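Here's the structure we're looking at; comments come further down.
Think of it as A, B, C and D in the order they're written, each chain with its own count starting at 1.
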Amino acid sequence: MKTQPHATAVVLDTFNAPLRLESVAVPEPSPGAVVARVDLAGVCGTDVHLQHGHLPIPLPVVLGHEGVGRVWRLGEGVTTDYSGNPLREGTNIAWSSNIPCGQCYWCVVAGERTLCESRKVYGVNQRFDEFPRLSGGWAEAIYLQPGSAIFRLPDDLSPEQVIALGCAGPTAVHGVIEVARITAGDTVVVQGSGPVGIASAMYAHLAGALRVILVGGPAGRLRLAREIGVGDVHIDIFEFPDAAERVRLVLDSTPGRRGADVVLECAGVPGAVGEGWEMARRGGTFLALGQYTDRGAVPLNPHIITRKQLRIVGSWGFAEKHYLGHIQALPQLTARFDLARLITRYQLRDAEKALADMAAGSVMKPVLDMSQGS
Amino acid sequence: MKTQPHATAVVLDTFNAPLRLESVAVPEPSPGAVVARVDLAGVCGTDVHLQHGHLPIPLPVVLGHEGVGRVWRLGEGVTTDYSGNPLREGTNIAWSSNIPCGQCYWCVVAGERTLCESRKVYGVNQRFDEFPRLSGGWAEAIYLQPGSAIFRLPDDLSPEQVIALGCAGPTAVHGVIEVARITAGDTVVVQGSGPVGIASAMYAHLAGALRVILVGGPAGRLRLAREIGVGDVHIDIFEFPDAAERVRLVLDSTPGRRGADVVLECAGVPGAVGEGWEMARRGGTFLALGQYTDRGAVPLNPHIITRKQLRIVGSWGFAEKHYLGHIQALPQLTARFDLARLITRYQLRDAEKALADMAAGSVMKPVLDMSQGS
Amino acid sequence: MKTQPHATAVVLDTFNAPLRLESVAVPEPSPGAVVARVDLAGVCGTDVHLQHGHLPIPLPVVLGHEGVGRVWRLGEGVTTDYSGNPLREGTNIAWSSNIPCGQCYWCVVAGERTLCESRKVYGVNQRFDEFPRLSGGWAEAIYLQPGSAIFRLPDDLSPEQVIALGCAGPTAVHGVIEVARITAGDTVVVQGSGPVGIASAMYAHLAGALRVILVGGPAGRLRLAREIGVGDVHIDIFEFPDAAERVRLVLDSTPGRRGADVVLECAGVPGAVGEGWEMARRGGTFLALGQYTDRGAVPLNPHIITRKQLRIVGSWGFAEKHYLGHIQALPQLTARFDLARLITRYQLRDAEKALADMAAGSVMKPVLDMSQGS
Amino acid sequence: MKTQPHATAVVLDTFNAPLRLESVAVPEPSPGAVVARVDLAGVCGTDVHLQHGHLPIPLPVVLGHEGVGRVWRLGEGVTTDYSGNPLREGTNIAWSSNIPCGQCYWCVVAGERTLCESRKVYGVNQRFDEFPRLSGGWAEAIYLQPGSAIFRLPDDLSPEQVIALGCAGPTAVHGVIEVARITAGDTVVVQGSGPVGIASAMYAHLAGALRVILVGGPAGRLRLAREIGVGDVHIDIFEFPDAAERVRLVLDSTPGRRGADVVLECAGVPGAVGEGWEMARRGGTFLALGQYTDRGAVPLNPHIITRKQLRIVGSWGFAEKHYLGHIQALPQLTARFDLARLITRYQLRDAEKALADMAAGSVMKPVLDMSQGS
């Protein structure tokens, strides 16, 4: 590189203020690191919360924790991806957004890397004003630190298919497959039809659910779900605004009206929790997957836990193994579902618009497309 | 039997009205049944609720779902107890209070006999005005129907030791050992120091808990617990009426102030649930064992479930296998703890007084003693 | 019924002797029982063993533990099937072959109804010379005793689809789904391509296996499997008679050559077990599903269990809940696989021929078809 | 340090040749490392195998993977132990023998650090002819590399109590508590009465086993076990050399002669495995904990796995969390068992004698005591 290349990035300086673009010098990768060109970067509901300061993060940051792209420069010693597949300049890759420390009680003793308190997260807690600056996905390039879980993409997967579920994919692998442990034959309720709900419903289908009952909205999201084959029964919360009515409809769709074997909460709204407990059968499982931000207490009746012998479990984000699991499952998912239909493209400079549309639920999955110019 | 023998029973005719005594003819056992003399009958917190109509039961009933006694008459075909030990007239026995149907979805498919909706429960849902009338433990005799799980008592166990934990013993076997799955080395919080809390703490010790932190009251109950070696740390809720303070004290008693591996809720008060979630470590387990009656919703923050990746489980009563487990564990428990110290004796005619003392928490375990005359 | 109807049955009088046909009076059902016309009855590898006296059963018996048919007469009190769906004369039904006692240690305490020692099994341990005589499936009618798990068939399932997997279907539900606990994303080896192997591979697909490696033979069975979409990789044991070579081929088909997450032994040959242990990855699971008959000891290296931290589990037959699970899963299975292609039809009088073809592996699933005359 | 201190170490140069002593300069610890004085070092059955070349290790090495001692020098940045307790020069410590890499598939994805293929093990795979040379416990000092799991010992534990179970302690935490998952109330068989068998039996007691049946020998070891309260039933394999007879004795000691809920194989002899399968009840668990070296295949009947629905699990060594678990459990163990009685002391120069006595089983736990001079 005679002239040092530059990359444009979307920077969040101040909470609740507009984002701005800045062109940054792309550093050479140190040993063990990789610099990647970003092709597509996902916009997630969490980004909306980040912009509004709902989560404690350092500023300034380059947003974006979901991305696919190509290897630009390989740092010394990097020859393969996380699974041992060879990497070269130009190889199509995706990467896990977070790097647990690997040393703490949670990483080593508890064996729960998602609970690591000092993990680095691209697009969330890596400062823009410190080296290597390009630590978020909403940019033309990203600097992937040593320890990053990078995955070469199979040739028959398009970048669109890989980005379509974004972080909701590995989040569902963690919550739905590992924690809730969906079993073939289960009747499953999914609360929420945003990306996490859609991904969770897809994984419930993949795991052999007897029936998937999708409770969500608005109508456009449910229609899209139905069109691509996600969910066997669809209940629109705007059509049925009364929770008790929704519970009745769900029970009517379960064997013996006993309720669902598993309820997957992907709504993010605290009020969904009590409703979900009512939808689960006695001895059933309820997964709190969407309660990512702290919205305080809501009325809940603990008698139900005892009386129904519920198993209520929580799952927080994902770690490398869940990202690997999602990458491995993508061929199965794409064979069943037209993932690319989930996305809506925006230019980098329209990141604000993408965030607004995500907040409104008017699109399923906004994606920043670098090929369209910044 | 030339003259048909009679037995005195305590009858509940009307909710919130005084109990009365009635002398009843003792029937001969039909094939498969057993008639037993009752020696000691336990008084349980649930009996207080039953008297006040908090649970939907048929009236009239003879109360009493906990008892020990001796075989009086064996019905045709009954030669052994539930474990295959021989039974004779005079053999010391105890019996499980409930008989699941063995035919329904819950008994056969789900394999959760505690969820059986048509199980018969002595002292709760067997009418006094129908044959065989003597279907409760607060009486000089009880008619144990075919299908009852009856257990011969080992010679070295006294009736006092067997009745001391009452139904709290098998309830803890179900909740603490089978559902919460205490593991040797766990740091355990027990919320509540009534019989269920004491039994759960004992089983936590038995299962190798590293440390048992008992949060309860009033002071007399905690002192008794301490004296017989139940609990390693004792926190009096009357001395520390602030929940946040109690949470701090619990955290101070756990490794790295991370919180407890397992929290066993045995308080019965809905407000204990949210407090218990705070006491559990991330990735920990919370058991709702005491939420037996429906007291409605309380404020709870579901974000904690997701953030901490909690596992929250419920356990409802017990079935035959848990009763068997408790009977088998009694020699281990009595070797460690002076169980007989838990009980306070009453005559059958003082059942009202026993209920009142139980409600006040002024005694740990009231027991009706038939040898003291009715 | 003015003239009492008769039904022809295939009777096994003596081990290793020819079967014979006998016409028997069809009794009226007692209360709780059901008499069914049999339409199709499956021939299972176990029937070959039964004929040769490899299992200790009473004689004479009507063989046949797999069947589908129609309600002929409903005994008093029978109005619904096991799931609560209404039954009428003429309703299409299938039934579980065995009735656990519901009373013993295994049924009640261990909660493992498949281990019940006194369960009744149609076509296996119900004597032909005792009432109701018609207690096997290889007959024009069968008398289903009270306590039988009978299931009404959905209208869109053909009898051929229901009988196609025979008892291998619920056996796989038990072993593959409940005991081995296949998880979406698992790489799975299936050893054996008879009905149990095919059913297990189908359930592995249904449960979201990343890849199913089918190791079996002869070539015709593997070809049929490939044609209906069962298995992603097929290894013919006749083409690769060397076990070490097969292990190498399997490792080559697993991520990182680490071996399979789960190995499902459905071969029935003891020699498959040690080979399967080699095919499993460290930390993997091996299910012994096919070791149904006792063929004695074979050389096995237990060091592998410790070194690889294997989890080796066994599963014996099935109980009602597994039969229910299979019936519920049939619509999903038929949507993916052309089940009807598995069967080959025979007349009742050709039962001997069906057994011989089964023993030779020249057909996948022989079925006795009553509509073709006895 | 003006004059660089030296420490004497026991060096294995050649398999099957005598050990020798060498005095080595003690290096200053690099950042993150700790140099410790060794007070007591355990001799393990594995050391016997190492000397004879039964395991593939590099030579030369300083043997010894079990040790307790005191901090001599703290490397830069080291201020606390693995649990956050402060470390100073002179602090009493113990340390885990192995350091998993924390980066590989087994460490990160499978979450099984015991399966890490590149972990460093003191006294086993760290060469004596490379820096820092002092990488084994049989020496007056050991150099603990960065990443070592070091634990400050509670004041009320003596070094003898800590070394008494050696690596058998954390090995039992892994196998008995985590993998086999002993539950309170279980009837447990322990095969083998060497250190692993004794440690496993102690943990079975700690976890609330109803009854522990210890099958082992020679008589001296069983007598010692009985004297310190380990095991409820003791079966001497020299007194009962017939395996079938031993199986009968075990069945006689289990409820209903059904066999043990859990069988813990700690014998190391392949022949113990088939015998253990016979001792387990149907639906029971068998742990292969002692099959540490590869002694080849033995006859085993896989039909038993299917028929009895066994769960057979393996456990390989231990990782940091198991070592932590053992350190935490020591106060409970010492309160129940006189651990110090297990050990026999030797001088460093008598390491050969210690190995020979271990091989002969004439002592329970040989320990090299540095205070007695080298």
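Note that contacts are C-beta pairs under 8 Å (C-beta built on N, C-alpha and C of every residue); 3 or more make two chains touch, one makes a residue touch a chain.
From a predicted model like this one, the values you see are computed outputs, not experimental measurements.
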{"item": "B-D against B-C, pair bridged by the larger set of C-beta contacts", "value": "B-D"}
{"item": "Intercentroid distance (Cα basis), chain C paired with chain B, Å", "value": "43"}
{"item": "Averaged-CA centre spacing for the pair chain D and chain B, given as whole angstrom", "value": "41"}
{"item": "Contacts with 2+ other chains: residues of chain A", "value": "110, 256"}
{"item": "Category of the chain touch graph - line, ring, star, complete, other", "value": "complete"}
{"item": "Chain B-facing residues of chain C, complex", "value": "102-103, 107-111, 113, 319-321, 324"}
{"item": "Touch list for chain C against partner chain A, complex", "value": "83-84, 173, 177-178, 181-185, 203, 206-208, 210, 255-256, 325, 328-329, 332"}
{"item": "Touch list for chain C against partner chain D, complex", "value": "105-106, 110, 112, 114-115, 179, 256, 258, 270, 273-274, 282-283, 288-316"}
